[in-house]
Every structure is written in C-alpha cells, then in structure tokens.
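Everything on this sheet refers to the single structure shown next.
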C-alpha cells in the first residue's frame, strides 16, 4: 500500500502513522519530497480496510499496490489455463460455441435443438432446468426432468452439457448430470454458494453480475479457486448502464481486459447481453472479433412459442449462418471454430 | 398491455396480431387513428414477454399498463403496513433507529455498544454474525456465538434485534435468535433464498441491490409477500453509479418513491450508502428529512480497531449527537424519534 | 400518446382529462376495459410534456407512441443516406477508415502519418487543431496553423479531412479547411452550436455524449437535419458506466440499433472508446464485425512523445496490420474496406 | 505521482523508467521492497498523461498524488469563499433560496411569482430567457424581452437575479441584466464557454453535468477561477444512473464532499434533480439537512399551464410551506434561512 501524507502535516503526526502500522507488523518505506511525503507499506495489506487508512489524521490518499486477488491473476500464473470438458478443450486455440434453449421445455424440444446446433458446429449444449425469474409468477423450469432430457440429448449428439445451478442445495443433484456448472449473474456475489463451488469437481461458468466491476468478478473467481476448483470460465453478458434501449450494455472490452489480467478463459453471451434477437448476431460476431474464448448463444426451434426468453433466441437457421461467419472471423486472429 | 402498430402496416398484418392474442385468451380493444393504430390488450399480460410482442411483424412499440407486482403495491392496499417488533412499531409515525456494529466481535463490544445506542434512543440493535465479504481472505464473522452475544445484549438493554442471514440454510438458526431478518444487497435477487423467507414468521429487512431498479426491488418483496410473509421493510443503501468518490450513491429520492408505490415501510442505511464516517451524518439527516420510516446506522465503541467497516462506523458520541438532530428534523414533517 | 387511467378513477375525472386534451386540439380515442381505461391521444403530442400528463389526477401512466425525432428516422426515410466526401462514399458498402493523430503537432508529424495511413488504406485524415481539454493547463492545440498543415497533408496523399470544431465561432474558419466537421462528445447537446451546424454545407460527424441515450443522440442529429444539413454521421465512442478499468465502455450494440432506427451512417471510435492502445485493436475489429459504416482511429508515428492521447494511439505498423484484419472481417458481412 | 513497478521487473528496465522521467525534469524517490519497487515522482506531473506511464514496460500501476485542480481546492484556500450578490451573502451562514419559474413567459407571470417567492423568504429570482431544449421543436424562451421583465420583477421585490447563459455570444447581453450567470449541466464541459466566463465580473452558478464526476466538476470551476473570476457556486442537480423512475438521481452526498474538497459554496436544485413536483419537497428538505449552502427551486403560479417544466414546478403555496420546514432544518445544523 502507498500512503500519501497531506501537505503541511506535522512530523509528529507522520511518525504516529508509521508507528501504528509498524505495530501491526508492516514494514514502512518513507520518501520525503518537497510537497508530499510518501509511505510505502510492505506486508499483507489485504487485511487492512483502505478506508480506515484514509480516515487517519495526516493521510491525504492511500492506494493498494497489489491486486486483492491472487490465484486468478496472470501475475500468479502466466500461461493460459486450458482444460478438457469431455473431449472439448476450453481456453485453447478453439473458439468454443455453447448453444441451446433458454429453458428445457420437453424432450422433443431439446432433442431437436441439440441435433441442429451440433450439426452447425456447437460443442456444448446449454439449457436451463431451474430458472431464476424476477417475477414469482413466471415459469420456473422443469427441474430434474429437464436435466434428464438434456443429458440424453447431449449424449446422443456428442455434445458436452452446461446448465445453471441456482443454489448450494442443488449442486449435488445438478453435478450428477452436467459437465459444466453455470452461475448466473445474480449469484456472482452469493458468497456461500460460490464458496461451495470451490469444492466441486466440475468447471464453473461464472457470469458477470450486471453491476460487477471487473475486479469484483475476479474476486468471485478467487473464491472458487481458493477452494480448490481451478477450472473457472468467465462469461461477459452485459452490464447495467443508463441506456435502456437494450436490456444490458454488453461490455465487449471486458474480453481483452480479462485476458490480460487473468489466465482463465472468457466467453461472451450476446443473447442476454442484448436481449433482442436481431442484435445477437452482430454482437456474437463482435465478441469473436475481440478474441473471446467462446460464446454462449440461445437457440430455439420455435422461438415464438418459447416459454422464456424467446425474444432473444435465434432460429436454428440463423444460428447455422452465424457459425459460418464467425468461423472466418476467428481465423483472422489465429483462432478456430469447429 | 398497449401495442402501437407501426405506421403503414397492412390491415392483414394487424388482424393476424389481433388473432394471435385472441387465441391466447386476451381481449383486444382497437383504436384506429390517422397515423397509428393502437391495441389495448386486456387480461393477465404478466405471462407475456413484452420483447416477444415487440418482435412481431407490424408492432412498433408495446407497453405494460399494469405493474408486474401486486401484493406490495399501494393500489392493492392503500393503507400503510405497520407491525410490531417486540414493542417497537415499524411503519407508523415513529422514525425508528437501528444501530450497532458492522460485525459482532466480542461480548464486551456488543454490550458496550448496545448500552450506548439504547441510551441515545435507538430501538433496535444491529450487528453481523455471518458476513458476506467480497474477498475470501477477509474476516467472516463469529457465527452462532455472535448471535448469542447479541441476543443477550439486546435483551439486557430492551432492544429488538436485527441481523443478516446470508443463506437459506441459515434461516432456521438465525430465526431462533433474531427479531428481524436482514437480506443483504447482493442477495436481493437470490430467488430461492427470498422465496424461502416468504415462509418465515419474522419480518424481512430487504436491502436494495446496488444495481436494482425500484421495480426489481418491489418484485423481490413480492416474492416474500406471495409466500405469506407480509412484513417486509425496504432499505435504501446506495446504488452503483459512475461516481467513485463515494462507495455508492445513496438514492434519497427512492424514499418518497417507494412510499408512493408501496404500502410497506422504507428505511435508509447511510453507513453503506456512503462508506465514509464523515458523510454518514449529513446523509442520515437527509434521509430523515426526506421522510424515511427509519434508519440503520453503524456505530462502534472503537471504530479504529473494528474488524470490518470501521471507516463507516460512527463513534458513540457522534451517534448520540446525531439523534438529537434528527429528533428535530423528524418533528418538522410530523414524525417522531424516541 | 397513450394514457392509462388509474384503476377505480371516477368517470367525472376521466371526462375532465378528455375535455382538457380536447380543448388543446387533440383527438381522443377511448377504450374502456374492466380494470383500466386507455386513452389514445392523436395529434402533435411533441408539444406536451409527458410529465405534466402523468401528474394529472386519474392518470396512472402515459407513453409517447411517436418518437420525438422525425427527419433522422428510418420511418421517415427508409433508404440509407449516402453521400460523397471528395471521392469517398459514406454510408454505402464501404467501411470507411479515418485515421490520424489526436493533435496536429507539426507539419512533419502530420505528413508522416498521412502518408502511412493512406498507404494502409485509410480514406480520411483525422487530427485536432483545437483541443477540448478537461484541464485548463493542458496543451490546447496548434489552432489555424494546424489546419493548414493538415489540409496540405490530406491533399498530398489524396485523403479527405476531418477535424473538430469546438465552438460556433470557429465554424467558418474550420469549414474553409476541412471536409467534415467533427462535434465532440461534450458538445453533443450544445444546442446553439449544433443548431448553427444545420446551416453548414459540410457533413457533421456527431460523437455520442458520454451519458447520452440513443434517443438524445438522435435528437441532436434532428437539430442539424432540421436546419437543412442532411449529412450527419453518428460516431459511438464509449459511454460512462460504473466500470473504471477502461476510460469509457464502448457500446458496440449502438451500431446495429442506430442502423435500425435511422437511415444515417454510424462509425465507431475505439481509441476514445477504450483509452488504451492494446484494447483499440480488438475493439476496432469488433465494431467492424458488428457492421459499423466506418472507424475513426488515432494513429501516431511516435505515440510515446505525443502531446496528447499518446496512450491510445496506434503505432503506424499496428494500424497497417489492423487494416488487413478488418478487410477480411468486413467481407464476411458483405462490406468492403479499401 | 507514484509508480508501482511490476513484480520481477529487471533492474535495467527500472533504471530506464527512472532515466526517462529524470530527463523530463522530475525528481525520483525510489523505495525497493521485497515484492514491489515504488517510485515517487516529484514535480509538475499534471503535464504527464497517466495512461502513458501505465503503458511503459515494467510499470504495474501509477497514481497521481496531487489533485489536478488547485485554485478551487481547500488545500489552496482553507477558508470558505463568501461574496455578496446585491445584499445577499453567498457561502456564509445563510442557506440562500433561489426561486422562480423555469421559463419567463410574460411580465405578469414573472411579477406574480417574484412577489410571492420574495414574501416566502427567497432572496434570488430565477428564470430562463434562453432555454436549452433537447428537441428543436420545443419552446426556446422569450429572449431579451424575458430578461427585461425579470430584471424589473427582481428590482421591484428586492431580489437578486440569476438566469442561464447558453453561449459565449450571449454573455455580454445577459450580464447587462443579471446578477449571477447560470451555466447549465450540458455546458459544464463546454470549455471555450467556461473559459470566457473566467473573464466575467459576475458570479457563475455551475451546474453539475449529468455524467460529470466530482473531479471533472471541480476542474470546470478551475477553468473559471484560473481566468480570474473567483466567484463560482456549484449546483448539484442530479446525475444519470440506471434508475429511470426519476429523471436523474440526485447525489445528495456531493454536498458534504464538495464542502470538504473545495472552499466554494454548493447549492442543490431538487427540481431538475427529480423532475417531479411531489419529489421536489422531500429532496429540498434533504439537501438542506445535508448542509447545502442554498437551493434553487422552480416555482410557478400556474404549473399546469407552464410552457416548460411545469411538472417539476411547485405551486406558490407549496413553496411557502417548504420555506417554513427548511427554516427549522437549517437551524438544526447552525444555519439560517431568511
């Protein structure tokens, strides 16, 4: 931590700051300038609340010089994390596409969609069995029945499977079906839940909270890694801004930023990022062009009759056309799409 | 729902929209203007996804005309909800003050603070036993031991008690100690959790999510009321904006807005709202002046040594002085402070 | 405008609303439902302040059904606006690249950069002679001398020229040098200035204000078109959000949205959108992939010594490499890059 | 400036950073810790672009340790700035109330309002003669005629006068009528305009831009002070956030923050801050409770017929009632209201 002493602070006050920090076990390096004295505080400053320091007499400003996260950082591990989910490599040269419906609605529906997206080049089947809905009166998902249908569909078409877990209590059940556990945006800072995921053997797909800073997002991943689960995938899905034309504002720049700060892969979800079908396609292309490690896309065989989020689901043919476009775009930056 | 048909849309297209909605069981009222045709859709439109309507051919815009919440609305219940917690009335003419430390740290600490805040006029003791922390490496609270200490302190000084529950699993345990259950900002949209609170016999203190719109906040309360628990208290605690000088931007205007839209009481938490002690006092006064039903304030006997959030905790004497000021301010608008 | 009458409003009150609007010259269509009565208000409702309507007794909600802008809308003109700037077509099939330094610093500098960007495929030279700086103590630009150098460079390398005008007083001077007038983000709602640009014969490049909604942006263009100048180019350059890692959050989704709502072309400026060189390249690719009509990119022959914004300027070779990438990406969606 | 060197950076790289800064004339203080080396950069670092520093090889982070503003800071001038406008003292113990209509509509209107607000205790008459409107089709104000009416009304009822100037060209004209020049939110960063105001002999009332950080706001005032005009009044009027229920979110906490960082007075404008009449009153009380140096409030004798912003204007009696309330609230914190 670096502490900037206020101009004209008495020497006695500076010494008392140094003494206090020294007593707490920190090493202090002092630089005395003409206008400003600077203190470098060396030691595990994560245990200090920076606001406490700022409120001390004589302190003008204080900054952390080490990021509050460690295990997720590229400083800690410089090589990209890659891992296999069934036979799909995540984090490598391939831009991996996850596709499927918002909610699993019936066996027929998930089978039809799985067949079609597999044929177009998707490697992982997505779909919700337990749905977080902002209204208590909306469709809440098929539950375990949905997981069964989805596993069957994934197996039949040689796809890996990802589905959302809403709650600590559901982890065990869902783990017995899925290959990847999805954490929704609203749960990104549900700390007892993500702590529990640190003990899971399945990779975690961690959506960005709609108001989460990149640092907070990294900290949530840190919770999971610190519990022992090293396989986390970030997913940008749009942040909340003043603009209301789209449901959220997709922060495409988070893709290169996460790739700089962390060794973990980052995907993009243009379906939730925009909330509108005709915006999903350009935003999917944009995410690939920006270098995303993969995409998650909602696709439905009959979006007009979908029980949830039909408005942001692509038709099967739209998805197949999109795959053709992103194959070329990925190639421009030395990446592959199946 | 009101649907605005796009200019120059063919009659055939308009008819097909009407037919589709009619088949789904809605009544349609049509007004044909020179430039625009308007369709009024009557029925339970909450089951429609408005984005699906907007994507239909010929539809220019669509608006809901009924709020998505019901039980929490003033339209549903025009009189203010009031209820007793021990002998403290919430939602009535009194501006009720909750005060106490961020975290319970020891029996001595909570006893000292309880005595002091009770003497100054607080009616409810606050304090955390289980702490949601953005870093996995921070102090996480004393757990059940903390609850015991706090109950003892509350009883001794004739205070009611409020503490945070982080998780569905903790509800039963915490309920056996506390009078009011606090839901943190990060859990406001943890739906399986708030659904479970609908079955609790204890009032729920529902903090606003840092990026939650007023409508989403009302919807989360709707989850609780729809489960049978009628006693919800809203708490404004600051929203996330572009301004970084304060931790959050406290949205004081949410106080009169919630009071207009809902019959439920609304408190303000200036400690988390600002994150800085010397801003807590003016913001506490402001919230009372705006008509809040109560305040939640962090107070500590030794903030400089607090294990969490010391920087935003008031000293005991500061709290006592603040109580004197807000007593006069509350009186200006016909309210009372003990 | 559509007015939703509050539930249980007395007939007398509804009639007085209708009477008032009728007296102001509007036609009213009334639909009486079971719970809600809806009034359709036909006429030039742009002269009504919707908040006045909402405050009337008996009114629950009110919505505009016509956009407040007209000339800029695709409803008004369905074909894309295209126009020539020297021999460069804007708004057509070509993704047009504008490149150059943040500030013109010397004749040598602008000559070197112009030569290099022209060779790489840029069609329009950008550069600032008058600089809006948030600090009164920063470099403010070379003024007219800079315009002279820039015109000479543009002419020598067969480029069109764009530069910023900060002020109504400068329009005449700058018009005598430039081909396109750039309006900075901070001036997007400087109404007396943009009104004056409606009388200019030069196309206007209208950057989005950092907190401007898409509707406000369209309204600012409406000011220019309503003054007689039909050639406006929108430019997305990032909006202000809670995320502070990047200077601004570039709203890539604004590209397809503007193209849907308006017939005018939209460019993207990834340099200001991100503020950091190593993020400019992926964001430039993303904007092209999303379908932008063009890009504006800061390029400098020696960014480390640039007098302003060096940190977001590409090196000459980086720019040339980027051009190769976007040529392929544009082709994917049926567009061309020179 | 403080520079944090990245972990494991080679000594040669650190030395080249030091050498570069030394050549630019800065003094460097170096502290070498176990994990991190810290460089303190002493000198006028305002001329450095911090992003350039951050992009240098070996640099992990960089922070400014001096604020970019000077003349406006409390560090530069510790005593509150106070000045007289006619016989009204601004910045002293009195909470000064400015009141009047959004737009001057007629002589009768401004006379009626002036009489009434003066009687209730307002000291300064507000009103717009030139209106910035987001639509080119809205009422744009009476112009100079309005200024004449307003001056006459102010003089008759012994009020000082404040009105908005939209443009550099209007300064001279408006100065000949008004006592205080108001700068609208959209012009806060119109640098050529605010630079010109530095030469004015009239105090400047500087509204906060809807997306302006507190630092940017202080910088805009710095422009004015650096030009020689020492009398600036800040005015908080709401910032743009994701919440759309109110037009803007009024940032009440900006009041104590500005008072800490600067010696200049700060007012609040709850009319624009909320945009809705029934929210103006609680927010006006809140601003006074938070310690504002004054308020600006829109009042109209017939808000339902106002040509602009009627929805946020108080009725004359509402204003008189509000004055009674804030008189008591101001007294609580040792301030006075006339």
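By written order: A, B, C and D. Residues from 1 in each chain.
Just so we're on the same page, a contact is a pair of C-beta atoms (placed from the backbone, for glycine too) under 8 Å apart; a residue touches a chain by one contact, two chains touch by 3 or more.
Keep in mind that what you see is a predicted model, and the values were worked out from it rather than measured.
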(request) Taking CA centroids for every chain, report which one is farthest away from subunit B. (result) C
(message) Rotating subunit A so that its CA atoms sit on those of subunit D: what angle is that, to a multiple of 5 degrees?
(response) 180
(message) Per the definition at the top, count C-beta pairs in contact and tell me whether B-D or B-C has more.
(response) B-D
(request) Please work out the Cα centroid separation of subunit B and subunit C, and write it as a whole number of Å. (result) 38
(message) Can you compute the centre-to-centre distance for subunit A and subunit B, using the mean CA position of each chain? Integer Å is fine.
(response) 27
(request) Round to the nearest whole Å and give the separation of the Cα centres of subunit B and subunit D. (result) 31
(message) Can you list every residue of subunit D that touches 2 or more other chains, as numbers and ranges?
(response) 211, 240-242, 244, 278
(message) Chains as vertices, touching pairs as edges: which of line, ring, star, complete or other describes this one?
(response) complete
(request) Using the touch rule from the top, collect the residues of subunit C that touch subunit A in their complex. (result) 211, 213-215, 239, 241-246, 249-257, 260, 273-274, 278-279, 282-283, 285-291, 325, 328-329, 331-333
(request) Under the touch definition given earlier, write down the residues of subunit A that touch subunit D in their complex. (result) 2, 4, 6-7, 27, 29-36, 38, 40, 42, 60-61, 63, 65-66, 75, 240-242, 244
(message) For the complex, give me every residue of subunit D touching subunit C.
(response) 46-47, 49, 51-52, 54-55, 68, 132-138, 166-169, 186-187, 189-193, 195, 209-211, 216, 219-220, 222-223, 226-227, 240, 275-278, 304, 308-312
